[in-house]
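Listed below are the structures to be examined.
Shared between the two complexes below is chain A, which has chain B as its partner in the first and chain C in the second.
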Partner chain A sequence: MAVSAPAPAGARRPRLQTLLGEQPIGYLFVAPFVIFLIAIYAYPFFYSIYMSFYDYFFAAPGAVVDRPFVGLANYTRAVQDPLFHIALRNVVIFLLINVPVTVVVAMVLATALNAAIPLRSFFRAAYYVPYVTASVAAVSIWLWLFGGPGLVNKVSGPLAPNPTWLVNAFWVMPIIALYVTWKGLGLYILLYLAALQNIAKELYEAASVDGAGRIRSFLVVTVPGLRPATLLVVITSVITGANLFTEPYLLTGGGGPDNQSVSPVFLLYRQGIEQNHPGYAAAMGLLLVLGVLIVSAINRFVLERE
Partner chain B sequence: MATVTATEPTVAARPEPAQTPEQGEHGWLRWVRLIPLFIGALVFILPFYYMVVSALQKDPNPNISGAFPNPNKLSLDNLVNINNAISLPRTLLNSGLFTGGVLLATLVFGVLAGYALAQLHFRGRQVVFYTMILLLVMPFQLLIIPLYVLIARNFGLADTLLGMILPFAINPTAVFIFRQFFLQLPKDMFEAARIDGASELTILTRVVLPLTRPAILTALLITFIGPWNEFLWPFLITKKLSLQPLAVALANFISTSAQRGPNPYGAILAGATVLAVPVIILFLIFQRRFVESSIGSAVKG
Partner chain C sequence: MRSIHWASLGGALALILALAGCGGSSQTSSQAASAKGPIQVWYSNNPEEVKWGEAMVAGWNKDHPQDQVTGQQIPAGKSSEEVIGAGITAGTTPCLIFNTSPASVPQFQKQGGLVPLSDFSGANAYIDSRTGSRAGQYKSPDGKYYQMPWKTNPVMIFYNKDVFQKAGLDVSNPPLKTYDQFLTTSQAAVAKGGVRAAIWPAPSSEFYQPWFDFYPLFIAQTKGKQLVENKQPQFDSSDGIAVANFWRQMYAGNLAPKEPAQGDAFATGQAAMAIVGPWAIAQYTGKVNWGVVPVPTKNGMDPAQIHTFSDQKSVGMYSSCKNRGTAWDFLKFTTSSANDGQLLELTGQMPMRTDLPGTYGSYFQSHPEYKLFADQASRTVEVPNVPNSVEMWQDFRAAYSKSVIFGNQSVDQSFKAASDQIKTLVSQ
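Take a look at the complex of A and B:
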């Protein structure tokens, strides 16, 4: 601690300070966090690169086993795996439903909330409740609503699909996408609400001088002003779609029907842990990280072009 | 996912002056605005009401009338059933220990790191900060396989509390929030304290923390939600029933519920209610704090 004591003008130890900075005790303060980041993020990341080149499998602790180097075999296997294709297709389906619904509903509700209206904090809290709820609990409600004997089938009567929603190959991904959209929407409403505060009032005044009505000024001022928030929706949607686990595991009973609702992370779990091919799962995981990085880069590019 | 999005409540914490282009509009328009807001609120909240009333019916009724049960016929049978299956006190205790461990580590090590990143000058500080930002974008789930191999297999921490806590121990989002709030404190205050001979630890605990209590609470609430709601990691690491948090035990109950008779939903929903209610209550209490502080700062100008 003595190191951090302030040095009154002209003290004798400026050399250490020019080398390490004014408060070297900062190293001590930040050390646990840095160790944590290395142990939980950096090291596992590099370890998974290592695993992905081997036919890695679990063995009893301490047992010496031969885990042969297989080069790119895990990667070529992933690229050719029809289940991995379904998982990626499901991310696309998820994206196509999640993004438009989130953007439209969150924009409308945030704009409506962005005024001196009664019950403002009630609405804000209400929209946020699904977001803070455990996914296992929220999935339970949707299981009950959309299950065979559930309320949705009772209400929709003859319009209900056969087989029922969660075991219907066509409906299963749209239902998952709607569920996740419902659960996460509160966050985006608040994000849009915050973004609305950053749109300069002058823009609206200019628009109204130019004769723009309420709807026109929404389209020419509000929508472009919210663009950064909208791009954030796109990128988180890709990440969320790739990371779905509770939904295919619980809501559709293990990626069913007939693997039509598998997600990439669900496949990682099944291959890497259930079926003891962590090397293969690591390769799939790294392909996904690459995909996420590419999407982020595109996102960045579009954002900075503005 | 959570790491990417959880920064939001700071946004909510900021005062939001209701300044809009539509200010001073006609009375009827105000009411038109309320229609989508009310529909939205129903869509978001009704499922939770439905969860609670269904859980309170001995044999949940899936018809529309099931949403409006006779209050005299409500029972706690489902709570008893789910408790017999997965022992609520034990699973709640496990959830609490898991969450408590994460909160403690985040509070101690996260505050230290946030303070160092905001107010201490040392070589390499920017590197640590930008590495943290980079990692915030990386979805945790994609590291699940190597983490599982390392923690469960190589370190032998499967079925231990430590193994469950480790990957979540210091929430990077919380560190980010701590840093942002510590940055806003006036520089002169730190200089004055240092000239008075206070050590950095003293400055942190005696000066900084009392001034940033709301930020600490915000960050801790976000951190609380993470492990309490987390399913995938504790599901992988705990095979022993006696160590499973409520979310994991309930999920296992659901995935084997097909063999539990024709209508297992009552017990499932009772468990879901127990899992959801603590967080919702905490959030609602906290939400009021947010609103009060927003109004307070708006009044002060």
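Take a look at the complex of A and C:
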């Protein structure tokens, strides 16, 4: 029986299909996001790596300027910069307060809001309001609350610190951490609420049959059941915490008092934008990225192990 | 399916070609220098200057139908300097910006964002004759003008007459000449005047804040020195340390608060005094019964000899400008004697022009409250035009915050360290 050779076009089609898949039009649908990702995240990220090895500064289009290669000088400078050390220390203090408080408070509140309590919808909305409130407005309220003649000092009376909270070197980072916790809590409560729906009711019934009370059930059923959500909350809050900027910018007038609330991202802004040293700012930024990656990896290792 | 791929490829190529078309221009800078045609300008966004800016644009456009000027308020941002810096990088600056901070000029110049005005025929002579000997402060290290000194707000001490009266202080001749007098007066104002603070300079860490606490008093105390002269920091001196220790006493005694004020502390009656220029009069009118005196010096000085910080704003011509001939003509038009007079009339701010009281005698006769500012305007000192200017001020502010505002280090130690840092910065 004679077998005819396949047509050349027919031979190419499977290879094209292998390359592009069954539905190549899918690439068109994802293209806008891929372009967005490349333009807004990937390109600036790789360009910042390039900048970090140069004495780079922003110049007018067409301007002939000298931007010499400086090797690792920007990284060396960052590692030796006492202000960068202070900023890293500040952000560590911030994370040590913000992350555990966020996890515990968001988990407890989500559990409470998941139960059949009166005014549940109202409370769910109320905890979300700060998250969607403009930072400038929220900061104004906190400035008023924690200012010298503010409500907190009036209530605290003789216990109020001197100088007052936001200009007090000891208290300023804890107050910022609490502010950020309060402002972001709504999102994390939502994440936990969604995760709570995935915990089988039978587990609570089984715990109850075994004699577990509410607190015991929370500890042995809810907390382990929320572990994937907790991992997400921890990693998200570490990343947002490491990007702390608005608060030292608005709440403490540029990282005051005496740089005790300055954050690494605020330093990036000051060096890169105000002082036009984006090469140095890029080096600091990349060291920060490295730090966040390490912390996130540790979090995954600790929280994901069985 | 294939037609979709080709369409995508075609679209992408079109986009690339369109983007490529955005860059580059065949016009050389020498052609641009004489080119005439429409231009765009930015001016400040306070109501008084907007009114002036609109009047200038309308006045010019009436007589120059071929070379029309479009004016707009400077786009919103944290500061004009950041907006302008971003505009330079993006190539979107207009031809002229009537709000260019002299402290940012070295940076803008390094970015290749400014056109040297000295390259225009007769420009140096025009600037020198209009501004007099003060103009020299605005020259860049290469000897050229990259900015036209435009208007000044000489910084002085405003005081609330009602608060002073309540505190039993002399209202017409307040004891504010020496540091000791200033401290005693401040204590009385806080104790008996019903105010929270004697004076409330912003204690925050922005690089420009020294211009409204340390620098005016330093200039006065040193009879007109800049922070850095001939690449040598001047603040690490007995005069600089005396000024810093004066402010340190103000903060230590809670006469000047360490936390930022909510709103304008002087206008809202929270502070008895303010250290600011005449632009603020519009904010105080109808709210505060104010008086004004020169900044204090350690042992007191004849007011006619006291210098202060200029709080000057310049006009810059930006390198993105194509029709620079028109831009230069418009710049001269807006800084003519008549239009400087209109600036004074509409904003109360002092044009950088010699002999203000003589040139605008009728204005000062009808506005006697501005006479002192006009007199003070002839003795103003600018920020030094040095490399890394913004970084220099930021370093100085850090040292000042540490030692003066928060008292965490002695002024001597802190200023010595800052002086060493700044010496390196300005020598680069």
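Simple rule for what comes next: the second predicted complex is superposed on the first by the 264 of 306 C-alpha atoms of A that agree within 3 Å, B and C clash if a C-alpha of one lies under 4 Å from a C-alpha of the other, contacts with A are read in each partner's own complex, and residues count from 1 in each chain.
Operating definition for what follows: a contact is a pair of C-beta atoms (placed from the backbone, for glycine too) under 8 Å apart; a residue touches a chain by one contact, two chains touch by 3 or more.
It should be emphasised that the depicted structure is a prediction, and the values quoted were computed from it without experimental measurement.
Contact with chain B, but none with chain C, is seen for A:Ala126 once the two complexes are overlaid on the shared chain.
Using the contact criterion defined above for the overlaid structures, shared-chain residue A:Gln275 touches chain C, although it does not reach chain B. Ranking chain B and chain C by residues of chain A touched puts B first. Of the two partner chains, chain C is the only one that A:Asn259 touches; chain B does not reach it.
In the superposed model, A:Gln197 makes contact with chain B only, not with chain C.
Of the two partner chains placed around the shared chain by superposition, chain B and chain C are both touched by A:Gly147.
By the touch criterion defined above, A:Arg15 lies against neither chain B nor chain C after alignment on the C-alpha atoms of chain A.
Residue contacts after overlaying the shared chain place A:Leu166 against chain C, while chain B stays out of touching range. Shared contact residues of chain A, touching chain B in one structure and chain C in the other: 24-25, 58, 61, 143-144, 147, 149, 253-254, 273.
Chain C makes touch with chain A in their complex at residues 1, 4-5, 8, 23-25, 81-82, 85, 88-91, 107, 110-113, 196, 202-207, 257-260, 262, 319-320, 388, 390-391, 394, 398, 401-402, 405-406, 408. Within the complex formed with chain B, the residues of chain A that make contact are 1, 4-6, 8, 19-27, 29-30, 32-34, 36-37, 39-41, 43-45, 47-48, 51, 56, 58, 61, 105, 108-109, 112-130, 132-145, 147, 149-151, 153-155, 182, 184-187, 190-191, 193-194, 196-197, 201, 204-205, 208, 214, 217, 221, 236, 239-240, 242-243, 245-246, 249-250, 253-254, 265, 268-269, 272-273, 278, 281-282, 285, 288-289, 292, 296.
If you check the complex, the residues on chain B that touch chain A are 1, 4-5, 8, 11-12, 14, 16-23, 25, 30, 33-34, 36-37, 40-41, 43-45, 47-48, 50-51, 54, 60, 62-64, 66-67, 109-110, 112-113, 115-117, 120-125, 128, 131-132, 135, 137-139, 141-150, 153-154, 156, 166-167, 169-170, 172, 175, 194-195, 197, 199-201, 225, 228-229, 231-232, 236, 247, 250-251, 254-255, 263, 265, 268-269, 271-273, 275-276, 279-280, 283-284, 287-288, 290-291. Residues 24-25, 28, 31, 57-65, 83, 143-144, 147-149, 163-164, 166-167, 169, 253-259, 270, 273-277 of chain A touch chain C in their complex.
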